[in-house]
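Both complexes shown next keep subunit A, but they swap its partner, so subunit B is in the first and subunit C is in the second.
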Partner chain A sequence: MHIMEGFLPWQWCIVWWLIALPCLAFGVWQLKKVMEKDREALPLLGVTGGFIFILSSLKLPSVTGSCSHPTGTGLSAICFGPWITSVVCAIVLLFQSLFLAHGGLSVLGANIVSMGIVGPVIGYAIYRLLKDTSVNIYLTVFLATALADMFTYVTTSLELALAYPAEVGGVASSFILFMGIFAVTQVPLAIVEGIVLALVFKYIVALKPDILIRMKIFSESQINAARGEA
Partner chain B sequence: MAKNYLLEILTVVAILAFCAVFLYTSSTMTGAEFAGSDNVGSGMIAELSGKSVDSFTPLIPQYEPPSGEIESCLFALQAAFGGILIGGVFGFWLGQKKNLTESTTNQ
Partner chain C sequence: MFEELLEDVAQNNGLREVNTTVKLAVGLGAIVLCLLSTSYLSPLFIALVLSAAILLLARIDIKTYAELFLVPLWFAFLSAIVIVLISGGEHIFWSWNPLSFLSLSITRESINTGFFIFCRVIGGMSALLFIALTTPMTDLFAVMRKACVPDFVIDLAMIIYRTIFILMDQVRQIYHAQVMRLGYSTWRESITTFASMCGAAFIASWDEGDDLIRAMDARCYDGKFALMGESRPAGFRSVAALCLFIASGSAAVYVSQGMTLL
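What follows is the complex of A and B.
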């Protein structure tokens, strides 16, 4: 989902940076608050952040004959909300732009908006929507993580379409072209990511249910029910 | 029994299916180079703007790994860092849990 350095006009770089910066600032503030309140949240942040590091480094082949990587942001979005997730993503993306020439400093804002903000916001919204319903919690985690992954790539497509409208059909038709490259490639990856992260969540539930209950990620009865069946 | 491990089974099935699809596309699809979608996207940008890919130069100068080996080394480092975090925390939680059950049984 990286937009490569130099491939986004500077005006758009500034626009996306201006959107990303306040979200990051809010994320840092939230992170400080969470850490002051509950030191036990730090290991959970380590696990959810660890998956962002691992999954975003795996470039997997897909049905379109090109490779793309999952994002791993959904789990962190569920546990800590989208803004703290943005901060973790910004660290990963900064590493990749400084050392790997994946993305770059001028396009970092745009890449943070797609992977660190829109993806996690969508994932978090789905989690909030399904949280208090009778939907199985693992299904909730699957949907939130898979769609956080998907929408990251939809956003990248939109960012590029806005900067490069087609001569015929404008933004809409180039959006479809970019979706064909990014989003279609991503569908199988998003499904696998969702299943894997649901499994990871099962192990968190098994090992550390108290932190999930205390942080009100799921209610005590939901966690107990999941432990009973898992 | 099977119900207890439903998620594990689903994960294995999904990963196997993913590999099978890859083997199928890589052996039948012509012109499948498995390049990064980032690069395919950049090609599309060049096509839409009517400029060549090489005419896009970084706005801010950046370091580029001199070879694929160096790049994969750095990617492996990134993944290893994540792996250490996850393994460490799961081990820490397991130890905490064990400690807790032992101290309650000893009382």
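What follows is the complex of A and C.
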């Protein structure tokens, strides 16, 4: 999924940076508010960031100028919303490019847009949509995280297709081609990621329910119902 | 899984004592030059110079470096092939139209494009590896502060940095224990085992993070971690090397303008 250093032409690098920067600025502003209000959120922010780092470092080869791996961003999006997640993701992506030479600096903007913005926004939207319905909270977490992962790849395919449109059929056909190649590894991987993160969430519900209630991620009655099931 | 973590290598490399800003300028300059080049030759030139610097000056083991380089190179090669197949051109060597909206072909122009992108990735990767192998993350925090990144963002970055190591420790221990108990014997089993590892590592690291913050708060930590900052002046030799590198790189970009493989 991370596009490699040097893979995108400089014009597209700038375009994606310009899209990413305002979102990051908004995220930084929100982060400041959260940190001022509740310093206890800091360890959770740290561990979600570390989690994203570890999960998205498990790479599998894929044919499209990047590679397939879980993203782990859905959990952070549910806990902190998409904009703070984008800041966390930006930090993680910077670490990955400088620790593991995974991703890159010029393409960092493009990678932030796909993994740090679009994925979490979709995940968060699904979570908000299902939050107050009677849908089981684990199912909500599963859908939010799996789709956050899927849409990260859809965005990456779009980024690649825009930079390298096919001669016949242009952007649309190269988008379909890139998507097709990604889908082989990514659809099963997204489902596995959803299952794994739903189970992780189950651990949090079992061991640290108080913080979920305090951060208003789910209501007390929902958490209690889930604990009853567990 | 994380044997290739570059941080350990970076802490003990031959260029460890060179001014961080100079090293970053070399890496970032190389990335910009690669992006500005219009021919495959200049990224290759940059990759050659930086690889020499990594192997000879930073004294990184050639085996480590080759392993680090080959995996992304393989990705880059496959991706370049996709681009060769879709980008089309006039001098057609081979073509195939399996579907109405999809036409695959190999042309002189598409080989040139694909090869150029492949070389640009090689150049970019060597620049990235140069930074990764010569500059430990801890030095970069000081640069971030100088670059006016807000304190709480650096604070968060440091917490994430610390948590990565806590998490890896947890994961390593739990993973070995699980393998010992045949936790990954079947596919279905693997999923549950993997999830329980993630969950346990998550909670344990969270607790450790809590303890860390509490311990730091007890020592009057107020969200601003005191960093020594850069204490090594940029020496004449390193600045001269930087200027020489940027100048020769720019010359390579200029001279090789528009040159193609075929």
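Operating definition for what follows: the second predicted complex is superposed on the first by the 219 of 230 C-alpha atoms of A that agree within 3 Å, B and C clash if a C-alpha of one lies under 4 Å from a C-alpha of the other, contacts with A are read in each partner's own complex, and residues count from 1 in each chain.
As a working rule, a residue touches a chain if its C-beta (ideal position, glycine included) is under 8 Å from a C-beta of that chain, and two chains touch if they have at least 3 such contacts.
As the structure is a prediction and not an experimental result, all values here were calculated from the model.
S.K.: Report clash or fit for the pair subunit B and subunit C bound to subunit A in the combined superposed model.
M.R.: Subunit B/subunit C on subunit A - steric clash.
S.K.: Let me test your reading of the model: by the given contact rule, A:T145 touches which partner, first (subunit B), second (subunit C), both or neither?
M.R.: In the superposed model, A:T145 contacts neither subunit B nor subunit C.
S.K.: For A:I176 in the superposed arrangement: first (subunit B), second (subunit C), both or neither?
M.R.: In the superposed model, A:I176 contacts subunit C only, not subunit B.
S.K.: Considering only the touch criterion stated at the top, classify A:V168 as touching first (subunit B), second (subunit C), both, or neither.
M.R.: A:V168 contacts subunit C only, not subunit B.
S.K.: Could you say whether A:N111 touches subunit B, subunit C, both of them, or neither, answering first, second, both or neither?
M.R.: Touch partners of A:N111: none, neither subunit B nor subunit C.
S.K.: Answer with first, second, both or neither: which of subunit B and subunit C does A:I191 touch in the superposed model?
M.R.: Touch partner of A:I191: subunit B, not subunit C.
S.K.: Is A:S97 touching the first partner subunit B, the second partner subunit C, both, or neither of them?
M.R.: So A:S97 meets both subunit B and subunit C here.
S.K.: Please work out whether A:M35 is in contact with subunit B alone, subunit C alone, both, or neither, and reply first, second, both or neither.
M.R.: In the superposition, A:M35 touches subunit C alone.
S.K.: From the options 7-15, 151-159 or 205-213, pick the one stretch of subunit C whose C-alpha atoms clash with subunit B.
M.R.: Clashes occur only in 205-213.
S.K.: Mind sorting out which residues of subunit A both subunit B and subunit C touch, each in its own complex?
M.R.: 4-7, 10, 13, 43-44, 46-47, 49-51, 53-55, 57-58, 61-67, 92, 95, 97-102, 104-106, 164, 166, 174, 177-178, 181, 192, 195-196, 199, 202-203, 207-208
S.K.: Can you list the residues on subunit B that touch subunit A in the complex?
M.R.: Subunit B residues touching subunit A: 3-4, 7-8, 10-11, 14-15, 18, 21-22, 25-26, 29, 31-42, 44-45, 48-49, 56-60, 62-65, 71, 74-76, 78-79, 81-86, 88-90, 92-94, 96-97.
S.K.: Per the contact definition, I'd like the list of subunit A residues that touch subunit C in the complex.
M.R.: Per the stated touch rule, the residues are 4-7, 9-10, 13, 28, 31-32, 35, 39-40, 42-47, 49-51, 53-55, 57-58, 61-67, 87-88, 91-92, 94-95, 97-102, 104-106, 164, 166-169, 172-174, 176-178, 181, 192, 195-197, 199-200, 202-204, 207-208.
S.K.: Can you list the subunit C residues touching subunit A in their complex?
M.R.: These residues of subunit C touch subunit A: 1-2, 4-7, 27-28, 31-32, 34-36, 43, 68, 72, 74-76, 78-79, 81-83, 86-89, 97, 101-103, 105, 117, 120-125, 127-129, 131-132, 135, 137, 140, 150, 152-153, 155-157, 159-164, 166-168, 171, 191-192, 194-196, 198-200, 202-203, 205-206, 209-210, 212-213, 217, 223.
S.K.: Can you name the residues of subunit A that touch subunit B in the complex?
M.R.: 1-7, 10, 13, 43-44, 46-47, 49-68, 92, 95-102, 104-106, 138, 156, 160, 164, 166, 174, 177-178, 181-182, 185-186, 188, 191-192, 195-196, 198-199, 202-203, 207-208, 229-230
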